[in-house]
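Multiple structures are listed underneath, in C-alpha cells.
Look for chain A in each of the two complexes below; its partner is chain B in the first and chain C in the second.
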Partner chain A sequence: MRKNLLAILLVLPALVMIVLFFIVPLIASILGAFEVGDAWGLGNFRKSFELYSGDMIFTVVIVTVSTALIGIFSIAIGGYLTLGENPRAVAILRWLYRWPMFIPFIVVGQILRTFLAKNGLMNNIFVSLGVLTPLQTVGFLDWRGIVIAFVWKQTPFVTLLVAGAMASLDRSTIEAARNLGASRLRILIEIVLPQISGTLLVGLILSFVTMMSVLSVPLMINAQSPTMLTADIAFRINAHGDYGVANALGMISLILTTGVALIYLRQTMKERS
Partner chain B sequence: MNAQAFLKVAGMSVGYGPTTVLDNLDLDIAKGEFVALLGSSGCGKTTLLRTIAGFAKPFSGRIEVAGRNVTELPPDKRGMALVFQSYALWPHMTVAQNIGYGLKLQKRSRETIQSRVAEMQDLLGLSDLGNRKPGQLSGGQRQRVALGRALAIDPEILLLDEPLSNLDARIRLTVRHEIRVLQKRLGITAVHVTHDREEAMVMADRIVIMNSGRIEQQGPPEEVYNKPASPFVATFMGAENFLPMQARVQGDLIELAEGAYNQASVTPRAGRSLATGPVELRFRSEAARLIPVNDAATQGTGQLELRGQIVSVSYPGGHWRHAVRLGDREILVDADRPFNQGETVKVSIPAASLFIFNTPANTAKVA
Partner chain C sequence: MARFDFWWLPRAVILGLLAFIIFGPLTNMLLWTVAEKWYFPHMLPLEYGFSFWERVFSPRGNAMSSLATSILVASLTVVASLALAVPAGYALSRLKLPFRGLILLAFLIPQAFPNLPVYVNIARFFYQIGLNGTIAGVVMVHVTHGLVYAVWIATAAFSAVQIDLEEAARSIGAGPMRAFRDVTLPLAAPGLMASAIFVFLESLDEFTGSYFVGAPDVNTLPLLLYTASSGGNYQIASITALLLLIPSIGFMLVVERFLRADVLSKVGH
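Right after this comes the complex of A and B.
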C-alpha cells in the first residue's frame, strides 16, 4: 500500500504536467468547437464546411503530394548514399543533404518567396541565361510554392531516418543480390526498400503531421485563397476573434492526422503479427 | 598444381585503402575440386574469397575462370555464386522467392523458375517450406535456403564464406557432410573458407592453409596433417607441443643432441629441408606415448624419447590427457590409462609424428 503511494507520488509531477498543459487545453478546444453562443451545437462545423471546404481539400492534396514527393526524394538520396559507388559523390551528398533540416519553416518560406516569385531570383536566372524571356516567366507562389517549400524542408528529415535504416541493413543482403546480377535500381526497389519500409512510413507520417501544422509557409508563399487550414485558423482568431470556428477547423485537421496515424498503427500491427 | 586450372588466381594483391591484405598470391583450382581456405581470423582468407567473387578489387594480378579473364567483371558475370556467413537471406521474401530471385533476374519464364525452385527445394529438403519467410526457419534451414539460392542459377563455381559458423555444433556435423555430398553429386567447383581445421579436413579435396596474407601450405588433408611444411601449419593442424633442441644434419639422418630432458637420438631426415643448428620440435599429444620410467623396453629406432614428470591428469573423453613437465617446459601427452600425478615417465614419439623445423633466426641458412 505504502509502496503504491510512493509510486503514484513519483509519477504525479509528470501526470500533472500532461493533464494540465496537454489534456485540459485539448478538451477545452474540442468543447469549444461545439460551443455556439451559449448553447451546444454543430454550427461551427457547418460554418467551417461552408467557408473552408475548398481549403480542406487544398490542404489534404498539398500535404499528400508533398509527402509522396518527400518519399521519392528520400528513397533516391538514401539509396544513393547506400549503394553509390563513387565515394566522393557519396561524401558530398551526405554532407549536403541535411542542411535544410536546420532552417526554420518561416525562413524557408521567406527564401522561397524571393526565389520563386514571378520576378524572383529563379526566373531572373532563367532570363539572364536566355532560357526564358521576361514575358514567359511564371511565378510559383501558389500551391506549387508550398509543395516545393515542404519538400525542400522535410526531405532531409525523412532521408536521415531512411538512410540510417539503410545503413544498418545487413550489407550482405545487398551483395547477395549483386552476386545474382541485380542492378542497383532493382536492389534499391526489391531488396533495400522492403526492408526499411517501416522506417520510411514512420518518417512520412511524422512529416505529414508536421506539414499539417505549418502556418508560416502558406502565409509567406500563398496568402490568397485557397490556402491551408492553418492559415484559416489563424485568420479566424486574429481577424474575427472567432474561436468557435477556429476550434472546429482545428478538430478537422486533428481528424485528418488521426486518420494517418491509424494507417500507421494498422501497419505496425500487421508487421508484428 | 594442375596443368589446366579451372579457377586461376595469379599474382594477385588486394587490400583496403593503404593496407595490403594479400600480396602477390597464386592459387590454381581444378574443375570439380573442393578447396578449403583454412586460417585463423585476419589471415586474408575471406578477402581472397571476396576478391574471387568480385566484391573486392585487386590492386594487381589476374583471376581467370576456364581461361577467361574475369578480373574486371562484375560479380554476376563470373559464373560464381557466393554463400554468405550470415546467409544474407532477404527477410521480406519467401523461401521460394529467395531461391528463385537469381532466375527472375535472368528473366527466365515463370514456369522455368517454378520448376527450378521446386527442384532446389527437393534437393535440399525444403519442399514444404516454400511459403515460409526466413524468420520462420531454423538456422540449418536458412543455411540450406542460402545454398539453394546460390545453386539455383547453376553457377560453375560455388564460393562458401564460413557457411557453417552460425550453426549449432551438432547440426554443423551433418550439414558439412550434406554440402560435401551435394558438391560431389553436382560436380561443382567449390571454394570454402573456414577457420575450423576438422571442417576443412572432412570436406575438402585440398586444403590451402593461409597465414597473414600468404599461402603457407596446400595439399590433400592427409598431407597437410602429416607433413606440415612450417611450424605455423604444424601448430594449426594440432601439433601444439613445442620443444627447442639442437640438431645436426648428416646425409639422410638428423641427430638430435642430448638435452636437459632427452638422450641424443637419431631420426631419418625423410626429405625434410633442414640445416644444422637450433631447431624446434612439434608433435601432437595423441602421437606421443607415455611409458613408466622403469619399463625396460629399449628405445626404437628413429623415435625420440623424453623424460619428465606428470604435472596433472584430465579426462577429455576417450583417453587420458597428461601435462608432463620437461625441465622448464610443459607438454601434453595422451594415454589410454591415467598415470599418477608426480610420477616420472618416459615420453616416446615415433619418427613419423615428429615435426622438426629450423628456428626462424636460422632459416636464412636453408637454401
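Right after this comes the complex of A and C.
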C-alpha cells in the first residue's frame, strides 16, 4: 500500500501537467465553441459553416489525399527494402528515404515554398533543360504544394514504422511463395501487406492527426482562400479576436479527426472478427 | 554464368528521381543562404556572397537574440521535462501502479488531438494570468507537448536496466535512493540522454504553441523564420532554416547510438 502511494506520487506531477495544460484547455475549447456572447447556442457553428464550409472540404480533401499518397509511397519503399534483391539499391534507398523525417514543418514550408514557386528552382531547372519555356511554368503553391509538403515530410516516418514491421516478419512464407514462382509485387500485396496493416494504420492515423493540426505549412505555402482550417483558426484569433468561431472550427477539426480514427478502427475490428 | 541485369536502368532512374525530390529542395535552400542576387528565369544565383550571414550574425541582429531565446527555452524545457519524466518513468517501469496502461496512454493525448484549439485557449488563459509572452509560458507549453517522448523513453530506459543489478546493490546494504543513484540511473543514462535530445529538438522546432503563447515578445527561431519568410526575405529565412536543420539532421545520424535496440523495443510497453 505504501509502495502504491509512492508510485502514484512519482507519476502525479507529470500527469497534472497534462491535465492542466492540455485537457483543461481542450475542454475550454469545446465549451467555448457553444458560447455566443453570454449565452449558449449554435451561433458559432452557423457562422463557421457560412464562412468556412469550403475550407472544411478543402482540408479534408488535402489531408485524405496526402494520407493515401503517404500510404502508397511507404508501402512501396518499405516493400523494396524488404523484398529488393539488389543489395546496393536497397542500401542506397535505406540511406536516402529518411532525410526529411526530422526536418521541422516550418522549415519544410520554407524550403518547398522557394522550390515549388512559379519562379522557383524546380521550374528554373525545367526551363534551363528546355523542357518548359518561361511562359509555360506553373507555380505549385496551392493545394498541390500543401500535399507535396505533407507527403515529403511524413512519408519517411510511416516508412520507418512499416519497414520495421516488415523486417520482423517470418521470412519462410515469403521464401516459400518465391520458390513457387510468385512475383514480388504479388508477395508484397498478398503476403506482406496483410501482416503489417496494423502498423501501417497506426502510422497513417498519427500522420492524419499531425497534418490536421499543422499551422506552419498552410501559412507558408498557401494562406489565401481556400486554405486549411488551421490557418482560418489563426486568422479568426489574430484579425478578429473571435474565440467563439475559432473554437467552433477547432471542434469541427476535432470531430473530423476522431471520425477518421473511428472509421479505421471499425474497419480493423471487422477484419479481425 | 553471369547474366546481365537489365533492371539497373529503371532502378537508377527511380533512385535518381527520389534523390532529386529529397535533395532538390534542400539544395535550393542552401543556394538561397548564399545568394546575393537571384531572379527568374536564371537557374542559379547570379552573385554569391555572405553579406546576409553577416547581417544575421551581427551582435545586434534579430537572429542572435532569437537563437539565444530558442536555446534558453529548449534547455529549460529539457530540465523541466526530465525532472517530471525521471520519477514518472521509474514508477511506470519498476513500481506497481494501478491503471498503468491508461497512464502511459494519457501522455500521448497531446499528440493524438489536433492541438491548435488547445494552444488558442492556453494563450487566452495565460493572457489573463500574465504568462502570455513570457519564457515560462512558452516552456510550459513545450513541456506538455514533449512529455510523451520524455516519459515513454524514460520508462523504456528504466525497463531495459536489469532488475537483478538493483537488487544486488540493495542486498549488499545500499538504500533505495543510493541504489537508484549509483546503479539504475547511470545504466539508464543513454536512454535518458536520447529522451533529452528528443525533447530539446521538439522544443527548438515548435511553431504553433510559440506563435500563440510567445509571439511577439518571445521570439524563437521558428517565429523569426516565419516573419522573415512572410516579409519576402528568403535569404534570412533560409539561413534560419539551416540553423534549425543542422541539429535535426545531426540527430538523425546519431540517434541509433543513444537509442539502442533493447530500449527501443520497450517503448510504449
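Please note the rule applied: the second predicted complex is superposed on the first by the 249 of 273 C-alpha atoms of A that agree within 3 Å, B and C clash if a C-alpha of one lies under 4 Å from a C-alpha of the other, contacts with A are read in each partner's own complex, and residues count from 1 in each chain.
In this section, a residue touches a chain if its C-beta (ideal position, glycine included) is under 8 Å from a C-beta of that chain, and two chains touch if they have at least 3 such contacts.
Since this is a predicted model, take the numbers as computed values, not measurements.
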item	value
Touched partner set for A:119, first chain B, second chain C, both or neither	second
First (chain B), second (chain C), both or neither touched by A:97	second
Which superposed partner A:195 touches (first chain B, second chain C, both, neither)	first
First, second, both or neither for A:34, with chain B first and chain C second	neither
First (chain B), second (chain C), both or neither touched by A:209	second
Partner chain(s) touched by A:134 [first = chain B, second = chain C, both, neither]	second
Touched partner set for A:179, first chain B, second chain C, both or neither	first
Partner chain(s) touched by A:49 [first = chain B, second = chain C, both, neither]	neither
Contact breadth on chain A, by residue count: chain C or chain B	C
Residues of chain A contacting chain B in one complex and chain C in the other	none
Complex contact set, residues of chain A against chain C	3-4, 6-8, 10-11, 13-15, 17-18, 21-23, 25-26, 28-29, 32, 86, 89, 92-93, 96-107, 109-115, 118-125, 127-128, 134, 137, 152, 206, 209-210, 212-216, 219-220, 230, 233-234, 237, 243, 246-247, 249-251, 253-254, 257
Contact footprint of chain B on chain A as seen in their complex	170, 172-173, 175-182, 186, 191, 194-195
In the complex, chain C residues that touch chain A	5, 7, 11, 15, 18-19, 21-29, 31-32, 39-44, 84-85, 87-88, 90-92, 95-98, 103, 106-107, 109-125, 140-141, 143-144, 147, 151, 201, 204-205, 207-208, 211-212, 222, 225-226, 229-230, 234, 237-238, 241, 244-245, 248-249, 251-252
Parts of chain B lying in touch with chain A, wherever the complex brings them together	53-55, 74-77, 80-82, 84-86, 88-92, 101-102, 105-106, 149, 153
